[in-house]
Structures are given as C-alpha cells and as structure tokens.
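In the two complexes that follow, subunit A is the common piece, with subunit B as its partner first and subunit C second.
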Partner chain A sequence: MNDAPELLSVRNLTVDFATAEGLITAVDNVSFDLREGEILALVGESGCGKSATALALLRLIANPPGRIASGSVAFRGQDLLRASEDEIRDIRGNRIAMIFQEPMTSLNPVLTVGRQIGEPLMLHEGLREEALLEKCVKLLESVSIPEPRRRMGGYPHQFSGGMRQRVMIAMGMGCAPDIIIADEPTTALDVTIQAQLLELLRQQVETHRTALMLITHNLGIVARYADRVNVMYAGRIVESAGADDLYERPRHPYTIGLLRSVPRLDQPTAAKLVPIPGQPPDALRMPQGCAFHPRCPFAVARCRAEAPALREVGAGHAIACWVDVDG
Partner chain B sequence: MGRFIGVRLLHALVILALVTVLVFIIAQLMPGDGVLAAMAGSIDMSDASAVERVRKQYGLDQPILVQFGDWLARFVTGDWGTSIGGGEKVYDMFMRRLSPTLELFLGATIWSIGIGIPAGIIGALKRNSAVDVALTTGTMIGVSIPAFWEAIMLIYLLAVIFPILPPSGYVPFFEDPWLNIKSMLLPTFVLGTHSAGLLARYVRSSLLEVLGQDYIRTARAKGFSERAVIVLHALKPAMIPVVTVIGLAWAHMLGGAFFVEVIFAIPGLGRMSVDAIFQKDFPVMQATLIAVTLNVLLVNLLVDILYGYLDPRIRVRR
Partner chain C sequence: MTEAAPAVYAPPASSKNAALALLRAVTSHRLATVGLVIIVFFCLMAAFGPLVIPHGPYEQDLYAVLSGPSASHWLGTDNLGRDLLARVVYGARVSLLFGIGSTALSAGLGIVIGLIAGFRGGIVDAVIMRITDAFLCFPPLIFILAMAAALGPGLHNVILSFALFGWTGFARIIRGQVLLVRELPFIEAARASGLSPARIMFAHVLPNTLAPIIVAVTITIGIAILAESGVSFLGLGVQPPTASWGKELRVGFTYLESTPLISIVPGLMITVIVIAFNFVGDGLRDALDPRLKGAGQHRE
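Take a look at the complex of A and B:
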C-alpha cells in the first residue's frame, strides 16, 4: 500500500476563524499524505478541526469568518490553495468529491434527487438528456436505491435518512473522483445502515483505486475500515500511524486515553472504561505548550512550556509528544 | 398538485360565499328600508298602499332568504343595481374603472419586482459593503416615504422642472398606447415604491438565510461557480417567502391606489370606492367589497399555487 502513488500532499495547513471574541486557530500546521486506494481516517472529538481540515482542502471554508492562513495542498502536484477559481472548480466534485455529514440538510429540498445527482456529470462531463439519465439511474442502482428510474423524480423529503446519504454518496461517485472526502458520512444513521454505506464506500475504493478520507469520531469505524489514522486534538495531528499499529500500540497519551474510553471487542469484557479527565481546551484560551498537557497523566515540565512537533517513533508511526509513552 | 389546487379553490369558494352573505346582511342592518328611503321623494310615504306597492315591486315583502337569493342571482348575472349618487348602473361604472386600476396594480407590481428583487439579491451578495448599505438605505426610504409626498415631488421634478412626463390624467391604452404608458409611469412607480422596498428587504434576508444552508455548500463542492450556485440552487428556495410578500403587497394595493388615483386624476376603483363610502352609495360599496374579496382570494390562490411549485414539501402537506 505504501508504494502506491501519492495523490494528495498536505503541508502545514493552518485555518483561522475570526469570532467576536478573537481569532481561533481551528487547524494548526497540519501535514499528511494520501495515496491511491488508501483509506485515511481523520479522528478526533467534535471541534478538533477535522471538518475544517476537509473543507480547507477544497477551499470551501466560508470566508468570512474562516481563512486559510498558510500551508499548501498539492493534488497530483498542483497546489489547490494557489490554484485559480476555475482550476479549483474543475477539481471540486470532479477529481475530489465531498460527502457531507448531514444528509437531511445537505441536499437541496426544492430540487429533484435526479437533478442533484446529475449536476456534477452535467458540469464536468457534459452529459445531457438520455446519457445523463442513464448514468444517474446507474448511480442510484449502484447505491441500491430501489426503483431508481422512478425515484429520480422524487424530492429529498421523500427519502429516508439512509437513502439520502446513499444519494449523497452516488452524487460524490458520479464523476469517478480520485479522492472522496467523507465527513462523518454515517453519524446520523442506524448502525446497520452505517455498515452498508461504509461497505459501499470501501467497494468504490477497491474497484476504482479511489482514495478515501474518512472523517469520523467513531473509533469502531476507524478500526474496521481505515488503513491509516491521523488523530487530531485541538487543531493538530497528535498521532499518525497505520490502523493496526495504532490499535495495538497507541503512543500518544491522548490516543491511549481515547482507546481506553471506548469498549473494544478485542479486550476482555472485564476491562474498565476510563474516561479522559477534563475537557478539550477552549479554542480562545489555548494552554501554553502542548494543548493536551492539562489532561495528560504523563505531562512533564517541558509539555507546559513548548508544543511538541510530530516526530517519527517507528516505521510510519509519528506522535507529537515529548514523552514517548509506549502503551 | 391537482388535488392541492382543488382544496385551495374550495377554501376560496367558501370564503367568497361567506363574504357575499356578510355584504347582504350589512345592507339589511341599515336602519330603515333602503329602497324606500331612496324613493322617499317620489312617493307619498303616508299612503300605505303606495308604500306596499313599492315594497312589493322591489321584493321587500319577501322572506329574507328569498331576498338574498334574488340579490345573489342578480349580482351573479351582472345586475349590481344603480348607483345612488349618479344613477348609473353599478356594473358599467365598475367595469369602466376596472382597467385603469388593474393597469395601475400591474405597473406597480412590475416596478416593485423589477427593483425589489435585483436590489435584494445584490444586497445579499455584497453583504455589508458600501453597495449594500446604499441599497438598505434606499429600501428604507422606499418603505417609509409617504405616497402622496413622493407623488407631488415626482410630479414637480419630472413634469414641472423637467417636463418629460404628463403631471396627471389618464388615457386608455387602446386610444394612445404611448401616452398611456407615459402617463402611467409616475403613478405606478409611486404605488410600487413601498412594496419594492419591502421586497428588497425580504429578498435580501431570505437569500442570505438560504446561502448559509448546508445544501449550498454541497452545490459549491460540486464545482459550480458562485453565480451558478445562486441561480441554480439558492434563488428558488429563497423565493418562497418572497412570493407571499408580493401577494400581500398586491392585496393591499387598493388603499394606496386611492391616493395615487386622486393625485394623478386617474378614474379608477380606488377613488370610486372611497367616494362611495363618503356618499353612502350602497350598491357601489357592495360591489367594491365583493371585488376586493375576490381580488384577495385570487391572489392568495395564485400564491398558494406558486408555493406548491417552489416548495415540493408543501404539495404533500395537506
């Protein structure tokens, strides 16, 4: 997997939001790579900057209040942050597709589902009429929507939550993108439907060598589907590792805490769940040094003074921590 | 959709029926005998048999329900009685004055949509810019300016200082189309000013709300240009509340039409209805009341149909 060609290379991405109380750094110096056919998970609590990271890749951060302060996003060698409006529009929905987290509100309520699925195809592939219709029907079929031809004329409110999310996925897959960014694609859905949809995305990855960036707070999904995991905390990546490696040997205190706080099937049921003490930091009053130190049981003097950078601690395993806790 | 329109139509008919009953009852509530009062000069009121003859002639000896039936039948067939003031047939009077007022309403609506919607869209897209502030100020003035003052100022400016337009008067369109349009420019503008301002404000806030929705972000993520996002995804949902405002503005125009018709000497319904009220010209008032009701009902029906077209969620909600 590691020698697959690199598709996306994010370096030092920083995103600010101007709020009434002051400037918030939602994404702080984030760097990562994405390869063909790879499923990369971006994990963290809500508010840790994972969605902002995803939106920033396609320059979809609402400005104002948001702003991409610095960094670069190279997609097949082209810097998306410096591309022209036309160039980035040509990539959005075409080479890089996004699937959003709220299937209830992310579809336009006054337009038919068929039209909304057809739009990227019309825009990027110039499909019209019969060809467009056939392609849309095929897409709906591929996400297992019954009677696709009839459902094309339906409106989002006539679909269930799970079906709407399938529609979103069909919409994202239409132009056979190189990268699909799925922002909490299954959060609002039943567990059985979650599994179906993730399976669908995995099929897409396997058959088309699509890269999938899966943004989630659900560690169960990560364990099951991801190849690599980036754990985010307070706007930074604090640990980056292969998924199996991460579950077996988490090395950042936050990741260790996170894994101890959720039930796991590969551990004896007697193992106690331990919550991480304290609260995530207030973005307006970030602690000095490592953002995690007030909650960290291993914190030393240096953690309070200086923020650690991401450093390699094993093959393809990096943490941002002064203390290498071998969990 | 057909069922939806059918239900709305039924509602409208029920309301219309209630209003006709009400209009009839109001006439009955007038103290004394309306027809007899009108005949007071021509017959000897102390002659009981003469009074009885007149009452019989006008059907006033019939039970009230029969009277109502007769009245309704006459009304529906176009016999709306005779104006007490001028002795003219109310139906003829009404129809003669209908077209100037309709033209006034239509022109005012064109002005208000033509100014209000673009102003609102520009305001929303250039939010908080100098353009937006200027537009907001303009709409504020438009909403709050008194129609009679605006009319006088415009006449002074465009008919007196720069004599481009006629100061007042009305020429039917089919007599002289060019003069008709020239003479209607000012009155329609004055009548449409208020709703143009109102509309601009509604369009701006409605479009801003829609632009903040998740599905707009979805449309941007598809690769649409900002213009395409607005035209294809934002305008239709943003128009839903705006349609109501246009309908309301139209329904409320008769009040403004009175001022405009008086100032610009347009022989329309607004003036006629106010005159009728002052002269207690009952047949004319009855006709006006029913016309106003019919106008409001028709506009509401049209708004409902447009609503159903714009918002598919409404079509299923009964």
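Take a look at the complex of A and C:
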C-alpha cells in the first residue's frame, strides 16, 4: 500500500441539484482519500457523479441549481468546504489544478494562449514580464509545443485539439500544484494523442510527487495508469480498490459487469462481451435500496430494501454490496 | 499577430502592438478604410475647417439671404444670410461631439450594468432588467423633455439625457451575451484557476461580448446624430445661433423649394458620416473576432 502523506481526505460528500422536477442527489455520501504521488481513478458511466464530485472539491458547483449538501473536503488539514472565498481562490489553480474535458472550448477564444497560461502564474506566483515570459515558454516546451515563443501570441483556434489539450495541461502544471484533477482529459482526442498526454501527466506525477485524480469512463486508461480506482454508480462509490486488485478480482456486481462489457487484450478474442442489462436509474426516481439492484444478476431481497454502505472486504478493497461476489 | 508574441499578458485592448494590429486589420478591410478616411476627414474638417473657409458661422450677409452657390458663398446662404459652408463646418463639431459623446456615455453605462446583471444573475439581474424594461416603454422624447426641464436646455445636458436613456439597449445586448458566455467551459476553467469574479467578468467574459456592441455603437452614433436634429428643432439642444447639422436640416425644411441646398448639404453630411461609422463597425467586428481573422494561419 501507498503510505505517502495524505493530501486530500473527502468525507461523506453529498451534492444536490434542484431541478424543475425535484431534487437530484448527484453525489451521495462519497468518501475517499488521495495521497502524494498517487493516481486515483474515478470511473463510471456518464451522469454517475464523477465530474460533480471533482467540481465539488473546489466548490465549483454552480449554485443555484447545485448545492453541496454536506460532507467535508480536507486538503492538508484545511476544510475546503468551509474555507473563505479568498482562501479557496488561493487554492484553485495553485495547489489544486483542474484540467477540463473539452480542449476545444476550455480555452478562451478571444485571448492569446500566452495570456491564458500566464494568468494563473501572475495571480498565484506574482510573476511579471520577463520571468513570466520565460516560465510560459518553459511550460509550453515541457508539453512539446513547437516554437513556444511564437505560439504564445496565437489564439486557441490556431491550435489543433491535441495541442490545446497540451496547453491545458501546461496551464494545470504551471503553479506546480499538489493535486491535478483531470476530468476526462483525453475523451475528445484520438488514441495516439491520448497516450502522449497521459504519459505527460504521469511524468508530472513522478517528478513532482503530484497527486492525480483521473476522471474517466475508459477502463483501459484506468488499468494502465491508475494506482487506485473508485467505481461510481448513481452518485455513490460502489467499489474502491487498488487498480491491479480491481482488474484481477472485481467484487461488486457493477464492476464485474463493466469489466465484462469492454474488450480486453488479455482475454481470448472469442470471449463474449456481456453488456449490463437495463439503463442507469433516473436520478429523480432512484430505486429503493441499492441503486443497482434492478440491473444486478445477484440481487437478493435485502438489496431491494436497504442501500448497502461501503465495507472492507480485503486489504484496501471495499465494496458497497450485500452480496460479496468473488468474481 | 506574430510580432505581438512578447506581449504575453498585456490586455489586447490597451497594448500598443494590439492597437496597431487592430488598425492594420481595419485598414485591410476595404469599406472600413473608406469609413475611417471619411471619419478622419470629418474630424479634421471640424477641427481645422474654420481656418480655411472665408466666413464665420454667425456672419450675416443680408444682401445674399437664401442665395444659391456663388463665388463668395460656395454653398449659398441660409435665411439669415449666413454662409452655409461655414454653418456646416461648425455644425460638424456639435454633431460629432453629440454623436460620439452620447454614445460613448450610454455604451459605457450599458456595458457595466449589463455585465453585472448577466454575471450576477438572480435578484440583481431581475431588478436591473425590470428597470431597463421600464426605460424601454417610456417615450424617449418625454424623458428628454423632462431632463431638459430639470437641467435646462443645452448641448451637455442633452448628451447626458441621451446617455441616461440610451444605456438600456447596450445593457440588454451585453446581458444576453454574458448569459451565453458565462456558461461556456472556459469560464469554468478560469474559475478553477482561481481568478476572482471581477477579473473573470472583465478579462474573460467582457472581451467575448464586445463584437455585437461595437456594431451597436457605430449604429447608435448615427442614430444619435440624427436624433440631435430632432431635439435641436424643439429648441432643447444647442441654442441659437450655434450651428449643428440637425438644426440646419430643419431650417432648410422651410425653404426646400427655393433653396434646397440648406437641407441637402447637412442631410448629406449626416448620411455620409452614419454610413462611414457603419463601415468601420463592420470592419472592427471582423477584426475583433479572432475566429474570422487569419483563419488557418498556423493550424496544424
């Protein structure tokens, strides 16, 4: 197990969204820890609360309609949910940086790339003029942008998708943060570029002991890069384990279903893909008991009545399930 | 654009390089160049014209009342025997000052108010928008009359009342743009990098909302120059004997059959300057939108 110092400790985080039809609990009682130099993956289908969890950590949930209903997020002992506006602003982009999923729209179209990279550095590190310029050039070089000095004067539309995402990563790394939260950082990009970018992030983790929270629905990325994995379903963490452990012995029926529904290179091609039957639940009409029970092949009577809490089933391996399926 | 590279942080609007780049962009737009030349010419005319023309605007030649063009009065005279050319040249001062001044004030006011309404949302937005609705259903003339009654007639007061009335249109345009822009991912990204709301509002949201405002500004300058004529006709604007294009236009109205030039010349001036501002507006819009400029220049 990783016994590096703990950076972030999330406890019982709950996020609600008020919609016209009623209250939706997007993140339900989520707890996890993040250590220095650790790559933690948050996996799940669209709408399962991965991004809402990430946004809530930095209090970026738009309010209204969103609201962090309860919980605590301790960053180096400081509760971010109770920090003042100034304190949290000082942490955003500085100690905890975020890389968004849309490289095409996450850069401001009317400002030069140089200015956008420079802005957090001016704000958090007080860099000006020559020092700022040098730092920006260095950052762009570190993400392999050719001719960084010239490209800094360019606008985002003059960059390709992969380059823009590299710019985003450069921005994220600018202030040497303790934690980088990457929300589907490679979804919109083609496979070769995906690998490049993830390697870049991994280098950052290795050289600076940065912790990386990788939000993705791509299990291949998780297998290759993550140290730990939290699987989310309908706003809850349903399984939490070391990445290798999770792939070898998934124990929550949902994780098992997920792994069976993706092609794997380490299995014979004849092996059939088994989809998970049914649809994720409607957030407004959550089933009673365990949210997964209508789709679960192992469901028993208790699953329909009572929602299971996360419980330890092995060393560093926890599941939220009444039935311990040793898959 | 490539030369502008070292200006990493300098905001594009205030950077000398960027201003030059903008000027270059406008002058590469053919119609905008024409517009710019006309505006510059009119400004020079307003500033230095009186040094060139032989008559003053208040000088009366009672032997040549309502005369047509002649060797001493190139464009003829008005009903009081004043030289039309001199009236028009001096009138340019009033009309340009009024058009640009009132528009600048109302746009400035409208931009700030609209930005706050759109960015803050909620109750702030609701209150500001109801106020603009109230302004919009109030007849402008009544407002200007009331203002003139309160402050007294005169050019500065009319500019002020135009600004106090005219900001609503700008505020609505900006608010609509802000509502659109503030939901875009790059605003969330800016927030995630720790920028303060004020900085996000002015440095990130505002530049993304300006394109329609620039077009609106150029059109409003034209409308304001026209509106000044109406207000001057009612005796609320510049006071006689001061000349303005609008006033000359109205004076000539009475003598349209005998001496049409009194109306035609200032009317032509108004038309030309309004069109010139529109040309420049189009050029600026194209130049300010980086998506339209140098498309494909460095794309890979």
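Here, the second predicted complex is superposed on the first by the 326 of 327 C-alpha atoms of A that agree within 3 Å, B and C clash if a C-alpha of one lies under 4 Å from a C-alpha of the other, contacts with A are read in each partner's own complex, and residues count from 1 in each chain.
In this section, contacts are C-beta pairs under 8 Å (C-beta built on N, C-alpha and C of every residue); 3 or more make two chains touch, one makes a residue touch a chain.
The shown structure was predicted, so the numbers you read here are calculated from the model rather than taken from an experiment.
Engineer: Looking at the superposed three-chain arrangement on subunit A, would you call subunit B and subunit C a clash or a fit?
Structural biologist: clash
Engineer: Scan A:E102 for contacts with subunit B and subunit C and give back first, second, both or neither.
Structural biologist: Once the two structures are laid over each other on A, A:E102 reaches both partners.
Engineer: Looking at the overlay, what does A:L111 touch: subunit B (first), subunit C (second), both, or neither?
Structural biologist: both
Engineer: After lining up the shared chain so the two structures overlap, which partner does A:S160 touch, if you call subunit B first and subunit C second: first, second, both or neither?
Structural biologist: A:S160 sits against subunit C, while subunit B stays out of touch.
Engineer: Return first, second, both or neither, reflecting whether A:T19 touches subunit B, subunit C, both chains, or no partner chain.
Structural biologist: In the superposition, A:T19 touches no partner, neither subunit B nor subunit C.
Engineer: Between subunit B and subunit C, whom does A:R149 touch in the aligned arrangement: first, second, both, or neither?
Structural biologist: So A:R149 only meets subunit C here.
Engineer: Classify the contacts of A:L133 with the two partner chains as first (subunit B alone), second (subunit C alone), both, or neither.
Structural biologist: second
Engineer: Looking at subunit A, does subunit B or subunit C touch a larger number of its residues?
Structural biologist: C
Engineer: Subunit C: which of 2-10, 38-46, 56-64 or 110-118 bumps into subunit B?
Structural biologist: That would be 110-118, the one stretch with clashes.
Engineer: Taking the contacts subunit A makes with subunit B in one complex and with subunit C in the other, which residues are shared?
Structural biologist: Residues common to the subunit A contacts of subunit C and of subunit B are 58, 60, 89-94, 97-98, 100, 102, 105-111, 119-120, 123-124, 155, 157-158, 168, 171, listed in rising order.
Engineer: Which positions of subunit B touch subunit A when the two form their complex?
Structural biologist: Residues in contact with subunit A: 213-215, 217-225, 232-233, 236-237, 240, 310-313, 316.
Engineer: Which of the residues in subunit A end up touching subunit C in this complex?
Structural biologist: Answer in residue numbers: 58, 60, 89-94, 97-98, 100, 102, 105-112, 114-115, 118-120, 122-124, 132-133, 136, 149-155, 157-160, 163, 168, 171.
Engineer: Going by the contact rule at the top, pick out the subunit C residues touching subunit A in the complex.
Structural biologist: Residues 1-9, 11-12, 184-186, 188-196, 203-204, 207-208, 288-291, 294-295, 297-300.
Engineer: Which of the residues in subunit A come into contact with subunit B in the complex?
Structural biologist: That would be residues 58, 60, 62, 85, 89-94, 97-98, 100, 102, 105-111, 119-120, 123-124, 155, 157-158, 168, 171 of subunit A.
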